[in-house]
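Each in structure tokens, the structures are laid out below.
Paired with subunit B in one complex and with subunit C in the other, subunit A is shared by the two complexes that follow.
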Partner chain A sequence: MMDVKRIISKIEKGYIKNNLKKEQRVDGRGLWDYRDFEIKTGIITAAEGSCDISLGGTRIMIGVKYDVGTPFPDTPDEGVCTVMAELLPLASPLFERGPPDEESIELARVVDRGIRHADCVQTKKLCIQKDEAVYIIFIDMYVINHSGNMIDCGAVGSLAALLSAKIPQGKWTENGPEWTGEYISGKDIINELPLAITFGKIDDMLFLDPNLAEELVSDGRITISVTKDQITSIQKSGSTTFEIDEIKMLSKKAFEAADKLREDLNLWQYAENIEEE
Partner chain B sequence: MEEEIDEELEEEIDEDLDEDFEEDTDDEEDTDDEFEDEETSREIVAPGEVLSEDMENFIPGRGTILNKKGTKIISVLVGLKQIKKNYINVIPLNGFYTARTGDKVIGIITDKNPVKYRVDINAKYNAILKPRNTVKRSKMRRRGKSSHNLNTERFDIGDVIVAKVISADRLNNPELTIVGKYLGKKMGGIIISIDPPKVPRVIGRNGSMIKMLKSLTDCNIFVTQNGRIWIKGDKIKKERLLIEAIYKIEREAHTRGLTDRVEEWLQNEKEKRGIK
Partner chain C sequence: MTLLIQDEYPKKLFREDGKRLDGREKLDLRPIKMEVDVIKNADGSAYIEWGNNKIFASVYGPREVHPHHLAKPDKGILRVFYRMATFSVFDRKRPAPGRREKEISMIISDCLEPVLFLELYPGTSFEVFIEVVDADGGTRCASTTVAALALADAGVPMRSLVTSCAVGKIDGELVTDLSGIEDKAGEADLPTAMTWFNDELSLLQFDGQITQSELEESLEMAQDALEQIYEMQLDALKRKYINIQEEAED
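Up next is the complex of A and B:
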């Protein structure tokens, strides 16, 4: 909506703050509303699973690829799932080329933590042979357009991409892993759906799903990843501070928002084998 | 002695400028609606397309070049072909803003030092605002009584100003002034930006579109040539409606009969959203 430059003008700051005080957002939402999600899966044929997701103006392309490798010594019978994010310079004038910066590492880590610490990816089922071969799943996020709140967008998109994934099933033989001719997908890969819910804070005002202008003005944000009944990770960034009461209130709000999102998006519809079940 | 002469000269020049501004009675620039012009054909041309080989009657205008031998007029832009008197112009469909002398622009101060301010005016290069072009003129100073106490306006990084381009060429960064009518710092409101070539469309022929927008949404609007629009209304609902209307105009800039369509759309939306 607004001009995006490194320097945000004073009157824009004032405009956003004044309207937030009246519980109004610049794009006409309520304080606890999300922008609209749009999800398309199966867009990249070369990838096992893929997703093109947009949240308002923010757009991310996500691909899922797999590899067969040796497991970590402390978890010999568990597969691995890692998340990577890249902020393309095409997405925003704020992004530069070069090695990943703080923001892209944060995006990847927060999405990764949300998924890792929930009972989401079924790592035990991704084992082909104990101590020998497991699946390593890579989730790659490419930000195509940046219009605020990449974390929530990426978290939902990663789940959609994982759900739509179809990974060739392997069995262990003397010569190493071999394809059985079947695929693993849907419930075999994913059980729970953890969602990242981000809140912004400007002065004392808290709100859900900051857009880019609000993100640039805000003092900081907090991301709470929740499953149906537990919090899996919390990440705070920026210079702001939160009181304990605020965190408690936001946790409740996060559960409410996540329940609503799960209902609205109905992510299981993107699962590959949903018809068979 | 020299200083005095300089000052006198400067004052003379500035007085000339002041007169110019006074003629400008309306808020918005008087720009013809190029898209709606009768001389503008609906013909869309591409870069490299030969516009005319008739060199006796036509002269290459904006957005065009001559070939090496000087026998053909060729377009350099994607846009609409326009013939005005004996000039052939190409009105670009979208593109960057290029500063031209006399344009009013909305800029954001991005850097400051004792000698000059750097201003982002949505162009390829940052503009420069020197303190001597921010002098507030008072009657006291004109009589020369307080000439040592210069009353310059101070800005901070992030301030929004409306300024006039006083010099712009291809070699140097454009230079701005804020001395004049309607110029200076803006307080409150919100700025949105659109594609600079579509600015004439938001203003409309003789300001018809902008008058309609103002009367239907009760907002103050200030449109400048660099594609930035300053808006201030009493209610956020009205401001949001206006912003959506402006983006609608930008999207449908190349179509005919836009003013009537936008008016109808605005009235429908006002009823739908319950705005009085």
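Up next is the complex of A and C:
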């Protein structure tokens, strides 16, 4: 068992801070390094798409399900995509049972906002009949082990789960929506891959991908979701404050980190029926 | 829910060659894989793949009881939370736990309690969290089996392990370990669990229709299956330490 506590001792706090001052991390990484990602897709037989993703010790199971429903009146020809996150009490002694708390809602919403904007989820293609029937795509994240930075882990995992998804193709008939016998997948569901990049801040020291100990010591963090050339969402959270120059620097770092991640992970390899780009 | 593909079951549950739809003989179990110590944050944990079922279990405790009024002054309490992920079933499940999950939690809790020495831990609780991430028939049996492993992995003193497996009746024939389709389209389902310190049944439910002699035969079949699964549980527990030994030798 790992020693997970709500409160970190002064000695450990000092150790983490002193390391950061020397531009070192307690787990041996540099300031701007990610822990290792491990991704497996298509593991849940009951789900249309799925992903088992680990970022260091953080592990999340993500499933994609669909439903056919009526569109929102203001977007009559667009499908809907919703993200939910559950911080299972199984995953950490810090998580409690009960309805979703702030932390899980924030996780779901930040991941959601990252992929909602940009040319990511192809809502227009997820329409079966204008005003009548559209797809509702559910991305549900279940945290299996919590070891810091669930947002970045969940964001990458959601993309991989969407990429691996195969959703029955519907056509509109007099009797309502019916299955054509084919499936939609890949670029008909998702086109662009925005990545959430999270930075922690302890005193005035900034670093990428906080692990659990660093998360508990830090006063706050900032998540910047980026595509190749656009920022799609920002979330500052925690009680810390950021200088404007720090934000400028971090947004640049976010693009750099995302470019590297995109290359390292090569997410398109998880797509159904798509040749690698 | 409006789904484009409907969840339909075949009329026959045996193939032309007399085998079951997934190629098993009547007494065969589905492939089972178990592993302990998969969730590092937990005091003990285990994972099981049983056919298409994929289930995580973790154990925390003995720890303080929340809410406090549940604590008992003379013994510890065991609380089991069986939950299914929204994407674990054909129709997306609602995220909040339903009546079925609460009942199964209680059944599993009652099943595990006889093997624990709760009287040694007054005022505390053991919590077992079970998360079914992929479901294909027999999740309560797989969950009980994996929960017992997680308790053992946590080092909680136990009189013995608990092993669980279902027997059922499909197309008029008794078979071991019903798959999802067989469970839904079959005639009867008899989940059982055995506590090995006294070789007695600690979980027993039944629904469907069978005769008294079929019940007797089913229980014999269950015992054979339980013995096989018990060996796999022991292997999974030993493997953790064999792996540690091998790592140390490298």
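Just so it is clear, the second predicted complex is superposed on the first by the 272 of 277 C-alpha atoms of A that agree within 3 Å, B and C clash if a C-alpha of one lies under 4 Å from a C-alpha of the other, contacts with A are read in each partner's own complex, and residues count from 1 in each chain.
FYI, contacts are C-beta pairs under 8 Å (C-beta built on N, C-alpha and C of every residue); 3 or more make two chains touch, one makes a residue touch a chain.
Note that the structure is predicted; figures quoted are calculated from it, not measured.
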item: Subunit B versus subunit C as contact partner of A:Q24, first or second or both or neither; value: first
item: A:N175 touches, of subunit B and subunit C: first, second, both or neither?; value: neither
item: Touching partner for A:E12 - first (subunit B), second (subunit C), both, neither; value: first
item: Which superposed partner A:K65 touches (first subunit B, second subunit C, both, neither); value: second
item: Broader residue contact with subunit A after superposition on the shared chain, subunit B or subunit C; value: C
item: Shared subunit A surface residues [contacts with subunit B and with subunit C]; value: 1-2
item: Contacting residues of subunit B [partner subunit A, same complex]; value: 108, 110, 120, 122, 156-160, 186-193, 228, 236, 240, 243
item: Subunit A residues within the subunit B interface of the complex; value: 1-3, 5-15, 19, 22, 24, 26-28
item: Subunit A-touching residues of subunit C, taken from the complex the two chains share; value: 1-5, 39-45, 52, 54, 56-58, 60, 63, 66, 81, 83, 85-90, 92, 95-96, 127, 129-131, 133-136
item: Subunit A to subunit C touching residues, read off their complex; value: 1-2, 4, 43-47, 50, 57, 59, 61, 63-69, 84, 86, 88-93, 96-97, 99-100, 133, 138, 140, 142, 144-147, 168-170, 176-179
